[in-house]
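Following this message is one structure expressed as structure tokens.
Which chain is which? They are A, B, C, D and E, in the order written, and residues in each are numbered from 1.
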């Protein structure tokens, strides 16, 4: 039976267990629901869980473990000279065996018999069936493929049997446990709680995964480049390392970090007022119609791929700002030289800010809308204007949520890449003029990872060091932000 | 009944007391300013959206049309199957020399001297290199065509397409452009005879990627993005909501949950390419899932989207008034029932907003897909999420980096499709949110 | 892992268009094999994946716009990728171009060196680059601001640019002699020669050529560095500059008179040849004259085909299965 | 039930209401919530420096009428007011009228306590601050203290005026809201069942406060307690199903109502 | 003030409470909100099929004690209950006790009306639904109707039971909440000032309902109205500053309290 059929059967068994258990519980209750601890549906769910969950776990384990076991035993049958080869060679031979085995299952027994001893014919036949082989299979491979097929079949049969037995046994176990005072709801809810817990543990696992996937490479980087030079260096100039070999330049983090913060700051300066005012207007002033149109429209801004923003900045916003600045300086001093570069912190900040508007506005809008009406009434009833009510009552009450939304927005600003590459360029510099180009950490992460650079060189490895550093920095920022939010919340609750 | 309360004679209306100065003028000015800020903010956003869309659509709408040339093709047996072996060996049909059929057809159509090599070359160059494949597929599917003459509409070469759409500056020196004057004349000739037409570009939506702009389509990318979205939606929404519910409603408030909260906020700040690194090392190297597969992409984007959804969901859950919780608990609802029957539905608008934003973000991401092999040239449509595929933003990214002029309009066309995809996807969520939205 | 029936290729974005053309034709010609998947992502990333190991779950071919280096080879070996075949597919010409509205330009490396180097020699002394306009560098050049869009340090093209243009210009302008007086270390001399000014006159582009094109569109007097193929596809918008009086073209690059070009490669994992269906056929198809020949689609796109003898040698090596 | 306490009777008797001028006049006031009509041509005048009680069964429109007196109804989506209401002779629904100024002159205390999630001090000082009623910090402190004192809350919270107002018990919260309204010193104070969350002692305090305030302010109070109406008000208006049934001097109302429905209601015969 | 109506006196007289068994027993109940102690060793027993009224000045801990009877305090962060409370002899703070089941048996009506933002029908049917009290749709309809009827709300809302419960007036909302609690038919019903938002007619109805319910249910009611306590309850407990001052038969309590503080409170001398 294929896995999907087994899953389908499990669902059916679960459904039957559910119905039977529910019926039994209802019968036990004898019409008086108070006789039961939980609703009959919970007894049903309890039985269904017992029927499906253990069987499902066994199924998953079996599916992930059995190919390995089969592989090792099939490889046991390889001739001695093949076994003498390197493990990777054997891996490749085995994958050929697996392909042959897959092809064999598609042949009728007549066809199989006809080509069994003729590798060339077998290759042709399989290719005809849509299973092309890289070369002619060797005779031992065909044997191994047959054994593989046989073992897979056995394994599958055994698995099917075990799974079904488990499912039925689970269902019976659960059915036997049903009694009027049996706390089915609590148990079902315990399982749900474990599910919820499991879901929230994914966040932790992600973090662990991220750190682990960067740590070893970052360590290799720090083995070559002293940590001090990296963390306190003020020059970013890694130089190219391709075929040439092992030379490298300077890896100063500071210019990247400053660029990240500067561009993020400008973006937030655009996004926060615009987004917040848009949210306030939508939540407090706009008619349902205006709100119904403008909110989804603004959300489209969040959905536009960042590369589109990048080109928008490069082709439209940047040149506009440059020409605009030339006009201004022309009006002021008579000389039409631009003081804003086409690629600048300002360009990147504005365009990124536009992208972030809906992050601020949509989230804040929902949070503001959730502030109880009684609070608004209280303020309006005192003769406050609407804006006073919003500024002094609604916003403070919504503040913790808004800070959360802003935090998320800031996070997004720090993590953004494409816009910066196209709008602010890749020049790592330390300076304070917003009209000049700068660049960010993430830009360098992407660029160092995707170039022609030698992949064992510090030039590439630095991406991992940058990644982990950024991770730690944002972590600290977030801890600080949590502290701030807590302080506010205590004040307002 | 109201007569008893009508004012009786002798009763006066009170006199207004001296007006207090409560700064009404100033406050109203502030009020108007405040409202104006709001309108300005929304206008600002919408104007930018409009300019952006205008730019994109202005550049990209032409991608939805495609120049095709209808030619009477003679499927001569002598060219296709000279030895009449197709019954015994169907592969001769695959290997046959179809370009010759096309060459003959266009030469005849344009009345060119067949012995003038450069003319013939320029003429055949007007047809897409995919055209022979088109003829081959026709013949393989229906061998009875052999010996017949059929009118076939084949794609024009991308340069002819651009020229036909007026995107090539014909004032430029002939040798500096991809279409020479002869070809332009022929093109006009074909247009006049009705053989060369602009048609709706269905290929853009069904074809896989191609190195030939005229044949390149978003088919694979659309399927890939669809898989990605389904995977992300199916995983990140339930996991995100479940995690938020646990953290917000069940988890004890202690240092550990603080840590989790900080951690989740931090995950939202992790640059997206880092998720690509994670996906590469966990899903491909450790678990052994195939490269370039949308399943891996979906998992990576799920992890990337989760923090957004969790943060938004937690904020939404927190905003549900405690009195609702008390009411449910007081009736004997279990905490689980309270959450799923009351709190969650009330939090739905916020959750949906977070989901929309998260999905939109995921839908537009390229960087994390780079490292797991999804930024790739994929010609075959994936049948399952385990097969190689690309995604819409990837297609945008790759086409944006192409040298050929014809890809420029396609890039914008792909962006339009991506935006449409996004809008369609969001529409459902927005409708849902409308249903849930209310004040209490 | 599941048995794979599709070739997987990763690596250089420069080679990508060529690999795409070949992959597509391969899929059309060999109907029983699927069209290979060609990933973009850069030479380094491609080689990294390539050197992960041998097996179904690793890629088969890495495209590269430079040859693999020693460290990488060692890393490959350590991971069990011992048998690697290097295949050269042709040359990539690197050209200078401006917007087509500009008058014709002709550079010698010394001009470019003087315009873009971090330090130049003025009156026999090494000083920070003072030039603002091209005409200050060389009176024959137009009197416009120096603005050059050059490949960023992640690109292999940058290395070629530094070696073949800046270093050459450094030497030709006599700056090397002045530098040699101050620095004795040879490597440090080159480093000083190829250091690019960071005051905004030279802008690194880490993206691809379309980004450079967009920058030139936004700044009509700027000069950009492009691949020959990209230039040829946009010849109506760009005006190419001659170097040392030679106008870049497939001919001048193939015969070596145009000074700035580099070879392109791909690397095959030989262990996979017998295991991944179609891989052998793909490699043979790629090196056939039908593809990399001077009349093939790759040349039409802009690849500078290797000379006939070299192509024959390549094919012979492939046939013989010569590994590195 | 004996609905009138002696105190109320005494209080009612020592006043002749008919000569007191009208502070607010409601003429043919009708209120609609969307399609639904909640008030039907109500003609009700509010006399200056008088406590007017609105009574009637739940849902009869007392709150609705009250809220239309300071245009709090404006904030309800779909709510529409027809007819004319004047304050000191000025039509408050006139487009020229300033609703903020109106609400500063006609303050309001709500049925459900709704303190802002801020400190007690900030709650009370909010109104004076937005209207600029205090010249200095000391001034403001003074207003806050006296308002809290009048609401009978000062002694309980004087040590923690900077703690959050939502941490108080229900009754304390409502008294805080009253203090908040009083702090603006409006001309008219509307109270929507202000004592429904208060214990008798606190209620008595508030009633006393109302009594004091009457010297300078006009008060309209919705109450569900007829004893309270009798105790605190000089005029009483009885609503039923959106209609004004009767308006009269309180003493007359509770002893000898004109309308039989009032009689029935007071006697507990319907609702 | 004459605090006892004749009806209450009659009611009180026709019962001798001392023989009625205890439904719930509170032994040395103390409640802490974090550091703050809100209840001090309260010993109070609730008699079966009896209405027990809890009175006392605002903030004295009435609500706190009430909420500890069905462990609603569990939901407040930092709230801790010490001492022992039993229901039918079982310790309700025993870890084995299922708090959900407890709350189904000990229902609750809150001070502030808190209808779910759903339809009236869904509000009332929610409890029966989660507890599986109805076999069929008709059954459920029946429960909803009778519950609304008992809460005196049926006539007002019967045409719009599928409209939102939050669109009702304050008083209607609270009656809806009562209907909702009654629909679960719990053994004990806790009411925290259930009538504070109701007009006299509705209050009378609810009081009547309480009177009816007493036949089968045990009721604990917090009220700020001593008249109400006198009218509806058979036993009354008086709290002050977190202490139980006195618990007694209602008639005794209001005529001849043991504790001088009760006397003072009833006479309005402190609060």
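FYI, contacts are C-beta pairs under 8 Å (C-beta built on N, C-alpha and C of every residue); 3 or more make two chains touch, one makes a residue touch a chain.
Note that this is a predicted model, so its numbers are computed, not measured.
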| item | value |
| --- | --- |
| Set of chains adjacent to subunit B and to subunit E | A, D |
| Chains contacting each of subunit B and subunit C, listed by label | A |
| Chain occupying the middle, per Cα centroid | A |
| Farthest chain (mean CA position) relative to subunit D | C |
| Which of B-D and A-E has more C-beta contact pairs | B-D |
| Euclidean distance of C-alpha centroids - subunit B vs subunit D, Å | 59 |
| Subunit A and subunit D, separation of their C-alpha mean positions in angstrom | 56 |
| Subunit C-subunit D separation of Cα centroids, rounded to whole Å | 83 |
| Chain centre separation (subunit A, subunit B; CA means) in Å | 19 |
| Where subunit C touches two or more other chains, by residue | 1-2, 4, 41, 45, 207 |
| Per-residue multi-chain contacts in subunit B, two or more chains | 22, 27-28, 321, 334, 370-371, 400, 440 |
| Residue list for subunit D, restricted to those that touch at least two other chains | 100-101, 104, 112, 130-131 |
| Chains that touch, pairwise | A-B, A-C, A-D, A-E, B-C, B-D, B-E, D-E |
| Residue ranges of subunit D touching subunit A (in the complex, touch as defined) | 70, 72, 75, 100-105, 107-110, 112, 114-119, 126-127, 130-131, 164, 166, 177, 180-181, 184, 186 |
| For the subunit E and subunit D complex, residues of the former touching the latter | 1-2, 5, 7, 55-59, 63, 111-113, 156, 168-172, 175, 193, 196-205, 224-227, 265, 268, 270-271 |
| Subunit B contact footprint on subunit A (complex, rising order) | 185-186, 189, 192-193, 195-200, 202-204, 206-207, 209-210, 212-214, 273-278, 280-282, 285, 292, 294-309, 311-312, 315-316, 354, 357-359, 361-363, 365-367, 369-373, 383, 385-388, 390-391, 400-401, 404-405, 407-408, 410-412, 414-418, 441-442, 445-446, 449-450, 464, 467, 470-471, 474-475, 477-479, 481-482 |
| Subunit A - residues contacting subunit C, complex | 86-89, 91-93, 95-96, 98-99, 102, 127, 130-135, 237-240, 242-247, 311, 314-315, 318-319, 322, 341-343, 421-422, 425-427, 429, 436-437, 443, 447-457, 459-460 |
| Parts of subunit B lying in touch with subunit D, wherever the complex brings them together | 1-2, 4-8, 10-17, 20-24, 27-28 |
